[in-house]
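Listed after this line are the structures, all set down as structure tokens.
Two complexes follow with chain A in common, the first pairing it with chain B and the second with chain C.
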Partner chain A sequence: MNARDFLKQEHDNVKQLLEQSLRYEYGFEGSQEFFEECGTRLSFISQWLGSPDELVADDLANIGYQLNELSKLICRIERSSLGEYSWPFVEELKKLATGICTEDGLEGQYPPKIYVLAGGGLDAYRIYPEMRRPMASRRRLLTIVFPKTLKHFVLLHPILGHEIGHALWGCTKQQAHLVGKVLSVLKRLGGKFESEDVTAVHLFDSQAPHDAQAALAALANLRVDEANFFGQWARWEFWLDEILCDLVGLATFGPSFAAAQCGLLSTLDPAGVTTGRMHPPVGWRINLVLRAAELLNLSEPPPDPHPLRQSFLAFWDELQRFRRPEPWFNVFDDNQIVDALDGIFQLLNQYPPSGYPKTDFDALGELVQQLANGVPPIGFHMSEGGAPVCSRVDFRHIVYAGWISRHSLQPHSFDITNRLCEHAIMQQIAIDTAMSQP
Partner chain B sequence: MTGALSRGSIIERLLSGDLVVSPILSEVQLGASSVDLRMGTVALMARAGSQSHVDPAAYLSGNAHQAAQTRQQKHERFEVPFGATFLLHPGSLVLVPTLEWVRLPKNLQGVVTARSSWAREGLNIATATLINPGYQGIITLELANFGEIPIRLCPGLRIAQLALYTLATSATFDATLAGQFDMSFSPRAGNIADEDEVFIKRTLRAGRS
Partner chain C sequence: MSISSYQVHSSGALARRFASLVASYMDDPTAAKSETAKVPLENVYRMLEMFRYDAFADDSRLGVLALETLEGDRPASRERGSPWHTSIAQALDSALMAAYGAQKSKEEAVVELQDSLRRLAVEGAVDEPNAQHARTFFSTLRASLA
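On to the complex of A and B.
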């Protein structure tokens, strides 16, 4: 069997696999769009394979790659079929991701097709952007993965803001901006990410905390040291990507991203000093995000007196406890952080509502008050005259209210707070729908 | 003073925060002596093929695996977001939540009924219609199609109404009286064996057929 015949067979196999995937229900939107997109791609491949022309090695490799990716995606979707997940959050997340990840094509604009999966483990949060579009006339597939155990925990879902960063990075259209306006700032001369060597020197600094030095010393068993750290062990470019994506997460979700990131990352790496191949130490990332939040004035409290002030301050105080005090954990200066955030907001602001909208303390206070009363926090109240009054509320403020309410006098359990906020996001969609009527 | 709450009294209670029905999307939801309730975004339907009959014995705690399996496989859950529809066939029963979050004070009892316009189409809304004082959460509506043709439903429709009655004295409320559905976020199956195990076990010992 030659390569072309084998690929024809594999095409038929993938087509069958796609059809078999319809044995299950996949969440509230079903799988029609995804099914049709994959079907269209398969028929292109079928025509390509069936053409009378000779196929060169590049063509065969390309077809093989596309079939392989489709097969992996369909299997992953079938394995992680969902009956229930936080679709109200996903519906809002899609609005953020669709604008910034829309690409130009032959016949206009091509928004991504977004698909939701469940995965196991706390670190399952992912957005997988298709690394390359199969052809200029096709849309890119984005698959969003939630940890199955955290399906209703909308307070933690803002961590997906980081993954939006990866999706942005995968967009050819946005990459140039990110390289020119953000990465160049992070790599600025004199900074600790000026080059691989400079970062390695900082990493192995004798002034580094003992637990960090111990973690690095353990790598010596693998013959990894300062000189070859970024060649043999870690990928410096990927570390930078992670840092960039953290800033994108903060710029899209605001304080809730900082809170979710501090909580989740500190759970996965409590000491914050582990150096991953693709990830810089968690402590570097947490210190960066908390400083960036300060520089964006997100932690600026309401005026005194204000009913929200006490729980607001308690929320930010708790976040500060995640910050490591040693200078080794601070890898960017304030100018770099401000300029990098500027670069990110320049991009996000072109695609509303991607950028995090600043908070109105009074409106936020009302949401927190509703939560304190055990009611989902939404834009609804009764006027003094006895008429129902509805208003628009950004879902990120609902989530932020959830975090702040954790510091009210009688907070609900974390589970109940999440469920109330999730319910609120669903109700708010109903309010927005009702208000959009002429 | 006991009796049904009028529109004015309902609004008064809503304004004081004593009673919560949230959100009320339009003034038309406030009737002369009731509040209209909208359909929420989940539908829970019994899987006809997975069981021969409803058996209280299957809920007994003695066989944890069987009880859990019965619970997990009893219903098919459908997410029905705004803009989507759900077809209720004649003779079918489906559990749906209200869009509204409801909280009753200790001196009010709620009664849920169908809106008459829907009832005339054959839609029966609730058989277990009482909402206990002190309850908070969504209200689960037990929808059944008594007509002869399927009914298309979509979230956001006003399908039920909640009437409120004051009690002669406030209910003494503690956790043991909260009921198994208090603080519900979506419909779920109940436990029909709850606190009645002695009768079910006696039936089993007698060799029920």
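On to the complex of A and C.
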């Protein structure tokens, strides 16, 4: 059996896999479109394999790669039908992502094709945008992954705001905007990300905390040091992308993103010095997000007196405890942060409801009060005359209310707070739908 | 390393095939309007869009909480050789020059070519003089990627 014959066999196998496991009768939303997209990809590969021309090594290698990717994609999407994730949160997340991740294509505007699945481990949180480089595909698909163990923990799901940043980066026009209006600011002359060399000098600075220096010294075993850190080991441009995505997360989810990011990252790396090839030190990211939240006035408290004030202040006080005091952890000045956020909001504001909406303290206070009463926090109350009154509430404010309620006098457990908020998002979708009816 | 960890995918080779197919569609309306043709047509449209905005960054990333450790990790993370798009961007430049010279700006030329791709997909044909521009562009693109 030569390579071409084997690839023909594998093509038939993938086709069978598609037909057996992903017929669009299977059930999950959008499965017909997915089935058709996979069918188009297979037809293209089939035509290529059946071409009367001789297939050179490059062709055969490419066909094998494309079949491999398609097979993996089908298996990944098949799992999405299991529904082991918080579907109310996903519904709202899709609304955020749809406008801003819409791309121009041959037939006009293409909203993203989004599929969701559950994975193992806290680090499962992820959005996979398919790559834009030449592929045997017509439309690109977007897969969002939630950790299965955190199925109902909607207070932590705003961490996916960071992943929206990666999805944006995968859209050509948005990438051009982010390069021009955000990355250029982060790389501004005189800053610690002016160049790879400048960042490396700061990273290896003698003022860095002892545990950070010790961790970096371990790289000497790999013959990596300050001089070749970014050339040989880490990817400076990836670090910048991760920082940019943290700011996008804050700009889309507001305080809940800061709370989820600080809480989860600090749990995984309490010292804040973990440094990766693709990720900058954890503490750099935490300090940046907390400072950015302040500069957006997100931590500005309600006037005194206000029923929300005490728990609001306690929430932000707790967040501040994640901040590392050493100057080594602060890698951007305030002007850079403000200008970078401005660049991000210029983009988000073109695609409502992507940007985090301003908080109304009175409305937020009502949501927190509902939680204290043990009911899902939604836009509903009974008028003095006994008539039901509904109002719209953004799901990000429901989640924010959940975080603040953790600091009320008698908070529910974290699990119960999450479940109340998840139910609230579901009920609010119903209220919004009813209010949209003529 | 698993058997599938070999880096066998070549964007340049695939881009050449797409350019070649689109060039052939210029004289084959039936093939141009087929469902299978949507794959090369969409891909070429997407490449032109990246070229127009000079936005080729396209690496896959780890998740937001996927922290890596320093110890025991492999060095030499930098992509070997040129980034995936270098040869494609150069070929697009050459093809643009061959098809338009100094007649149109890069943006105007890309918009015209994208419009030609749409017409090919829907009507199976492109009117002159855009058809001539498109023929020259795609045949030069194919040759430049060889």
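Definition applied: the second predicted complex is superposed on the first by the 384 of 438 C-alpha atoms of A that agree within 3 Å, B and C clash if a C-alpha of one lies under 4 Å from a C-alpha of the other, contacts with A are read in each partner's own complex, and residues count from 1 in each chain.
Simple rule for what comes next: a contact is a pair of C-beta atoms (placed from the backbone, for glycine too) under 8 Å apart; a residue touches a chain by one contact, two chains touch by 3 or more.
In this text, all values refer to a predicted model and were calculated from it rather than measured experimentally.
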Legend entry - Clash or fit, chain B versus chain C on superposed chain A: fit
Inset, instruction - Based on the superposed arrangement, let me know which partner A:A387 touches: chain B (first), chain C (second), both, or neither? - result: first
Inset, instruction - Quick one: classify A:F345 as touching chain B (first), chain C (second), both or neither. - result: neither
Inset, instruction - Applying the touch criterion given at the start, work out whether A:Y65 contacts chain B, chain C, both or neither, answering first, second, both or neither. - result: second
Inset, instruction - For A:F44, select first, second, both or neither according to whether it touches chain B, chain C, the two together, or no partner. - result: second
Inset, instruction - Examine A:M278 and indicate which partner it touches, taking first as chain B and second as chain C; both and neither are also allowed. - result: second
Inset, instruction - Between chain B and chain C, pick out the one touching the greater number of residues of chain A. - result: C
Inset, instruction - Check whether A:R223 is in contact with chain B, with chain C, with both or with neither, and answer first, second, both or neither. - result: second
Legend entry - First (chain B), second (chain C), both or neither touched by A:F414: neither
Inset, instruction - Would you give the minimum C-alpha distance from chain B to chain C, in Å, for the three-chain superposition? - result: 27
Legend entry - Interface residues, chain B side, partner chain A - complex: 8, 11-12, 14-15, 17, 20, 22-27, 29-30, 38, 40-41, 77-82, 84, 99, 101, 103, 136, 138, 155-156, 183, 185
Inset, instruction - Name, in rising order, each residue of chain A that touches chain B in their complex. - result: 25, 27-29, 83-84, 87, 91, 370, 373-376, 378-380, 382, 384, 386-388, 390, 416, 419, 422-423, 426-427, 429-431, 433-434
Inset, instruction - Using the touch definition up top, name the residues of chain A that touch chain C in the complex. - result: 40-41, 43-44, 47-48, 58-59, 61-62, 64-65, 68, 103-107, 122-126, 128, 131-139, 145, 159-160, 162-163, 166, 169-170, 172-173, 175-176, 179, 215-216, 218-219, 221-224, 231-235, 237-238, 241-242, 245, 249, 261, 264-265, 268-269, 274-279, 282
Legend entry - Contacting residues of chain C [partner chain A, same complex]: 4, 8-11, 13-15, 17-18, 35-36, 38-43, 45-47, 49-50, 52-55, 57-71, 73, 75-78, 84-85, 88, 117-118, 121
